[in-house]
Amino acid sequence: MSRDSVRWAATFVALTLAAVLFRADISFVISATFFAIFAMSWSFFTSYSGYLNLGHVIFIGMGGYTSAILNYHLDWPMPVSIVIGSIVGTLLGWLYLNPIHKRVSGLSFEMVSFLSIIALTNLVLSGYARPLTNGDLGLSPLDGIFSTLGFAIGIAALLCLFGYGYSRFLSSNSGKIVDFARESQDIVRTAGADPHRYTGRLLLLSGLLASTGGALYVHYSGAAVVSNTFELAFMIRIVVIAIIGGRFSLYGSIVGAYFVVFAGFLLKPVVSSHIEFLIIYGLGFAIYFLWPKGLISILEVAIRRVVPGRKSVQ
Amino acid sequence: MFENVVYVIIYGLIFASLYGIMTVGFSLVCGLGGFFDIALPAYFMVGAFMIVELSPYLGNGTMLIVAPGLGLLCVAHYLLFIRPQRDNPYRVFFATILLALGVESLMAKFFSSGYTFKIAPLLSGNVNIFDVEIRQQLLLGGAVGWIALFGLRYISHNTNIGRAVIGIPQSVRGSQVIGLDVVRIQAIVYGVGGVLLALGAYFYGGYLGVSVHMWAYPLVIMFTITTVGGLGSINGIMIATVLVGWLEVAVVTFIDPRIRAFVILSLAIAILIFRPRGLAGKRIG
Amino acid sequence: MRSGEKKPDLDSDLSKRLLGGRPLSRRQFLKTAGVAGAAIGLGTGVGGLLAGCGDGGSSGTTGASGDVIKIGIMGPMADPTGMNVLRPAEMMIKKINAAGGIIGKQIEIVGPIDDHWETAQAITAYETLLKEGVHVILSGSDDNVESALLSRIGQNPDVLYLSMFASTQGHMVNVRDDYEKFKGYFMFTAIDDGLYYCVEEPAIMLKEKFGWNKAYMIREDMVWTEGIEQYFKDSAPQKGFEIVGIDVVPLDVEDLTPYFRNAEKAGAQMIWTMISVFGEKLANQAWDSKVPIAMFGHNGILNDYGYWERSNGAWGPMATTSTWGSLEKHSPEWRDFLTEWFTTYSDDPRTPMWLGECTWRGIKAYQEAVERAGTIETDAVIKELEMTYYPDAPVAGGFYGPGEGIWPHTWAMPIDEAERAKADPTRGEGLWMSSTLNPMTQWQPKEIAPADSFVLPGTPDDYGRLVTIWPPALAGGEYQLPPFFPESPNA
Amino acid sequence: MPVLEVRDVGKVFPGVIALGGVTLNIEQGEVRGLIGPNGAGKSTLITTIMGVHRPDSGSIWFRGEDISRMHIWDRVRKGLNATHQTALYVPELSIRRHIELGIMVNGFPATDVMLIAETVGLEGEMDENPDVLSALGAKKLEIAKALSTRPSFIMLDECFAGLSFEEGMEVIEIIRKIAEERQLTVLVVDHNLALVERVAHVTTVIDRGVVIAEGTFEELFSNQDVVDAYMG
C-alpha cells in the first residue's frame, strides 16, 4: 500500500471515530465534514494551481441547484438527481471557469471569480430566474437526507476518497507538471505543453468534489437557497476555514473545518455570537499571522515530535 | 425624457465622485503593492461610525478630526498588518479578509445592526437643475469628490511622490532598484486613501445611512471600478467611476433596476477578461 | 375574497400556485444582515459556520414525560429578530411559572440557539433542540431557513414547531398535502394576503379623507411581494384606485430616491410600500428627500422604537403596519407587556416588533391549548391549537387543518368559520376583514399628536409620538400630512 | 530547404519598432550566429520565433510549415526550442525535476534525463535546487531544459552573458557536442563577438530591427554597415 493510501485510510478511520464519538451531535460532525469537503476541494485548486479561486461556490451552487431542480421540478429520485447534478454542475462550473483561467491569472482571476459569484447570486435571485430557482425562497422541500451516523461516515468516505485521489494526482506526472505551472507557466510552455491543460484538470477535479458536495449539501439542508450555494458569505466561510487549517495542505482543510465548527460549538453556550465571531476571526487572524501555514503546521510539528523521523504530513 | 437624461448625467456624476474617492486608496495601494486589501472598505464603515459618534461633540468640525484620524488608522493598519507581508498578495488577501470580518463583528458588538442616519448635512436645501431636484449636500459631496480626484491627479503628476506612486511598476522590487522607499510611499498612499475614505463615508453615509454592513457594497464598487479603470491609475478611476456611475443610474432609470448589479458586474467581468489592464491602467496579474 | 365577483379569478390563480405546491410568497423582513442579493453582509454568514451541535437520530422524541414543559428557542440571536422571540418567551414564561405553570407543569426554556440566518446552523440548532427533548420549538428565522427546516419538521411531527416569522403560505401547503407529517407545523405570523389588506384598508381611509386615488407601489424583489403585486392589480382598481405605477426594487438597493422620483413623475398621490429588508433606508431616504407623497405600507423593521431613536424620528410621510395600537385603546394585557418590555430592555429592540407579538400570541395560544386539552400530549394539543381564535388579534397566524382547501384558517377566525367559508365563497369577505387588523401607525411631532397616542412610560418623548391611524377601533388620531407637504398634494 | 525561414517579420511595441522586417534562413545542421548591439532586436526575434509574441507582419516557417500562429508548446513539439536570457527555473524544485519536465510532458523515456545531464555536465548536481548553480551551471540547465524536449533546432539567447572566456569556451564545447551528436541546428545569439566567432559557421548581424549583414566574420567586418553599427 502506498503512503498516500495509508494516510487517507487513517484519516477516514479518524473521521469515523469522531463521528461515532459525537454521534449525539452528529449534525455538527456532518456540518464539519461538508465544510471540509468544500474547503479541501477549494484548496486543491487554489493552492496547487496558483490561482486564487473566489468562484469555487459556482461548482457547489451549480451542482446543488441542478440536483434540486431535477428533484423539485421534475420529481426525479434523489439519488439520480444528485448524481446528474454533480456531473452537470461540474461541467457548467468548469465550462465557465476554465476559459477564464486560461485567459487571466493572478489578481485578475481573483477579481473575475469574485465578481462572478456576486453576479450569479443576483441572477439566481432575480425575477428572471425565478421560475427555475424560486428566487429568495429557494427550492424546498427537497427530498431530504437526514442526520444519521451512516451519512456522516458516507461523506467522510467521499472526502477521504477524493483526498486520496487528489494526493495521487499531485504525485502523478500531471501533478509534477502542475508544480511547475504554478510557479512559472513559461517553463511548462517551453517544455512543450499548455500549462492550462494541467491546471484545467486540477480545476475539473476540484469542481467534481465541490459539485458533488453541493448536490449532497442541498439535500442535507433540505433546500437549495443562495445562502448554502452561491453566496459570497458562503465562499468566504470556506476560504477562512482553509486558511485557518492551512491551505497548502489537503489535510489542513479538514483540520480547519473541524476546528472552526468545534470552536463555535464550544463557544456558543458561553458568549454571544458577535463575540463568538470576534474570537474565531481573531484566533484565525492570530493563527494566520503566527503560522501562515495554518493549524496543520502546528499539528505537523507535534506529529514529528511523537513520531520521530516522519516527514511532513502533506 | 430630457429630464431623465439630465437626471442620469447629474446623479451619475455625483455617485461617480463618491465612488471615486472611496476607490482611490484601494486602487492605488493595490496597484502599488500588487495585492488586494479587503480591509479598506471595513475602514470606510469604521470612518462612517466615527463621524456619527463624534459629531454630537464636534459638530461641523467633526471631519477635521475624523479625516486625519482615519488616515492615521489606515497608515497604522498598513504598518502593522500589511507591511510585514506585503510581498505576498495571497497572505495580504487572507489576512485582510479575516481582519475585515473581525472589524465587522467588533462594530456589530457595539452598534445596532440597523441603519443610522445621524450624519448632519452641511447644507440642507435643494437645488433645481433643469427640473431635477438635487439636494445641496449631495451636490457638495459630488463637487468635493471631483475636486479631490482632480487635485490628486494634479499632485500625482506634479510631485515626486506622486510620480513615484503612478510610475512605480507593480513590482515592489523594481521600485527599490530605482531607489524609492516603497514603505514610505505606500504608507503615504494609505494615509491619503484613509482621508478620502472618511470624506466618502461622510457624504455616502450621510445620504444612504450608516450600518455595520455598509462595507460589502462599497467593496464590490471598489473592485468594479478598480477593474474597469485599471489597477493603480487615477485616470482609470476617473473614467471608470463615471462609467459605473452613469451606467448604474441609467440602468435604474431607463431599463430595470433589478439588473443594475448584474449589468455592472458583467461589464467588469468582460473588461477583466478581454482587457485585463482595464481602460487606462497597467496590466495586472 | 373581498369582493365576490373577482374572487374566482384570484382563487384559480392561487389554487394554481398552491396546488402546484409552489410557494406563493414570502416575507423575510428585517434581514439586517444586509441584502440577500449581492455582497450581502459578508460577515454575517462567515461565522455562520460555527455551528452548534446536532442530534444523533433523525427521528426526534418529545420526551413527553415529566413535570416540565420544554420550550426550545431558535433564531438569529445577534439580531433584533431573534430577540423578538427570546424576550417575550422569557418575560411570559417567568410569569407563567410564577403562577404555577401550565396545568401544574413548570416551563423550561431550552436555548436560545443561534441560527445566524443560516441553513446549516439552523439544522444543527433544530436537532440540538430535539436532542434536548423539547415539546415545542419557537423559531424566529426567515423563510430561507424554514425552507431548509421543512424536511426535518416533517420528520418530527410530534414536536410542535411554531413559526414566528416566516410567513410563506407555500410552507403551510405542506400541512394540507400531508397532514400527518406536518400537523405539528404552525405559522403564528401574518400571512401575505393580510399584509396586502392592511395596506389597502388605510389607503381607503386616506382616499376618503383627502380624495387621493392615484396609487403607486414600491415592492422589493422577493417572492412574497410578487403575490402582493397581483392582489394590488386585482383589488385596488375595484376600490376606486388608479394604479399609476409599480416599482420592483432589488434587495441590494442603496439609493431609493429614483423610485420616489418615478412616483412623483407618475403623479402618484400615495405610495404603497411592501418592503422588509430595506425598510429603514426607505423611511429615512423618504424623510431626507422630503418626498411630498403619502407613503405607507408594510415595513416590519420600522416598528422598533430603537429605530426611531437612531433615525431622529425620520418618519414623516411614512405610516406603517405595526403591532402597536394606541396604548389607551389596547387590551390591558398587551399594554402591560409593551410597558414591561420597554422598561426592562434598553438596547435594541427597544420595543417588540411584529414578530414579538407573534411570539406573545404563540405562547399564549400554546398555554391555552394545553389548558383546554388538559394534557401536553401532542395530538390533543394540536387539535386545540387548531381551534385557536383571537378575534382581536392584530396579526393573523395561519394553519391548515385536515383536508382544508385553498385557504388556511387563521387564529383570527374560528375554524368552523373557515369551514363555512369553504362551502360558501362569498363569506370570504367578512372572513378576511377580521384577519387584517395590523394597525397603521404614524410618527407625529408631539405638538400635534393626540393625547392618547402611543407614549411609553419612561419615553423621553423627544422624537414625537406614535399615533395609530387605523383601524378605527384602535385609532388614536388621524393621518397627519408631514410639514413639508404641499397643502393638497397632487389633488 | 531551410529548417527555419523568417520572412519579413515585423513587430512593434508601443512606441518602439522592435523588428522592422527581418528575413532569415537557417539550413539544417548549421550553427548560426546572430549578433547585434544592445536593443538591436535579437531577443525580440527569438521570442517571436518561439511564439511569445505574434509577429505584426511577415511569417515564420519551420520545416516548411507556417508556425506564425502556433502556440509556444506546439512549436516546441515541432522540434523548436530556446534558452532564455535570464535562466527560467523554479527555485524550490530540483534540477532533476527541471530536466524531467520536458520529458514527462512529451512522454519521452526517462533514460533521457541522465543522457542530457551528461551531455551538459550537470550529472553531479541533479538533486540540488537550481539556485545553487553558478552562472555557467544556469546556462547548462537552460540548455538541458531545451534538450529535454528533443528539439531539432535550438536558439541560445545570450548564451555567453555573464560568463568568463573559459566558461564561454565550455559552453561552446557543449554546443559543438549537441550539434554533432544530436544533429541539431543551432542559433547562437550573443554580443560577445569573440565567442560567437568560434562556434558559428555563418553569422547574421541585426541592428534596429533589421538584418544589416550576413556571412562569415571576415566578410562581416569588411562591411562598413556592421562596423558602424558596432562602433557608432
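Labels for the chains are A, B, C and D, by order of writing; each one numbers its residues from 1.
In this section, contacts are C-beta pairs under 8 Å (C-beta built on N, C-alpha and C of every residue); 3 or more make two chains touch, one makes a residue touch a chain.
It should be emphasised that the depicted structure is a prediction, and the values quoted were computed from it without experimental measurement.
K.L.:
Which number of steps is the smallest that gets you from chain B over to chain C via touching chains?
P.N.:
1
K.L.:
Where the centre of all protein Cα atoms falls, which chain's Cα centre is nearest to that point?
P.N.:
A
K.L.:
Given the two chain pairs A-B and A-D, which is bridged by the higher number of C-beta pairs in contact?
P.N.:
A-B
K.L.:
Using the average of all C-alpha atoms in each chain as its centre, how far is it in Å between chain A and chain B?
P.N.:
Roughly 32 Å, centre to centre.
K.L.:
Using mean CA coordinates as chain centres, what's the chain A-chain D distance in Å?
P.N.:
Whole-Å distance between the two chain centres: 44.
K.L.:
Using the average of all C-alpha atoms in each chain as its centre, how far is it in Å between chain C and chain D?
P.N.:
76
K.L.:
Please tell me the distance, in whole Å, between the geometric centres of chain B and chain D computed from their C-alpha atoms.
P.N.:
Here chain B and chain D have centroids separated by 48 Å.
K.L.:
At least two partner chains per residue is the criterion; list those residues in chain C.
P.N.:
Expected reply: 37-44, 46-47, 78, 221, 248, 250, 252.
K.L.:
Which residue numbers or ranges of chain B touch two or more of the other chains?
P.N.:
101, 105, 108, 216, 220, 258, 261
K.L.:
Would you pick out the residues of chain A that each touch at least 2 other chains?
P.N.:
In chain A, the residues touching two or more other chains are 118, 122, 126-127, 232, 236, 240, 272, 274, 277, 281.
K.L.:
Judged by the touch rule stated earlier, which pairs of chains are there in contact?
P.N.:
Pairs of chains that touch one another: A-B, A-C, A-D, B-C.
K.L.:
Can you name the residues of chain C that touch chain A in the complex?
P.N.:
Result: residues 22-23, 26, 28, 36-58, 77-78, 113-114, 116-120, 123-124, 127-128, 131, 143-144, 147-152, 154-155, 168, 170, 174, 221-223, 226, 248, 250-252 of chain C touch chain A.
K.L.:
Can you tell me which positions in chain D touch chain A when the two form their complex?
P.N.:
50, 71-73, 76-77, 81-82, 84, 88-90, 92-93, 97-98, 100-102, 104-106, 145-146, 148-149
K.L.:
Chain A touches which residues of chain B in the complex?
P.N.:
30, 34-36, 85, 89-91, 93-95, 97-99, 101-102, 105-106, 108-109, 216, 220, 223-224, 226-227, 231, 258-259, 261-262, 265-266, 268-269, 272-273, 276, 284-285
K.L.:
State the interface residues of chain C toward chain B in the complex, per the touch definition above.
P.N.:
By the definition above, chain C touches chain B via 32-35, 37-44, 46-47, 78-80, 221, 247-250, 252-255, 258-259, 261, 280-281, 284-285, 288-290, 301, 304, 306-307, 310-312, 314, 347-348.
K.L.:
Name, in rising order, each residue of chain A that touches chain B in their complex.
P.N.:
It comes out as residues 52, 100, 103-112, 114-116, 118-119, 122-123, 126-128, 232, 236, 239-240, 243, 247, 272, 274-275, 277-278, 281-282, 284-285, 288-289, 292.
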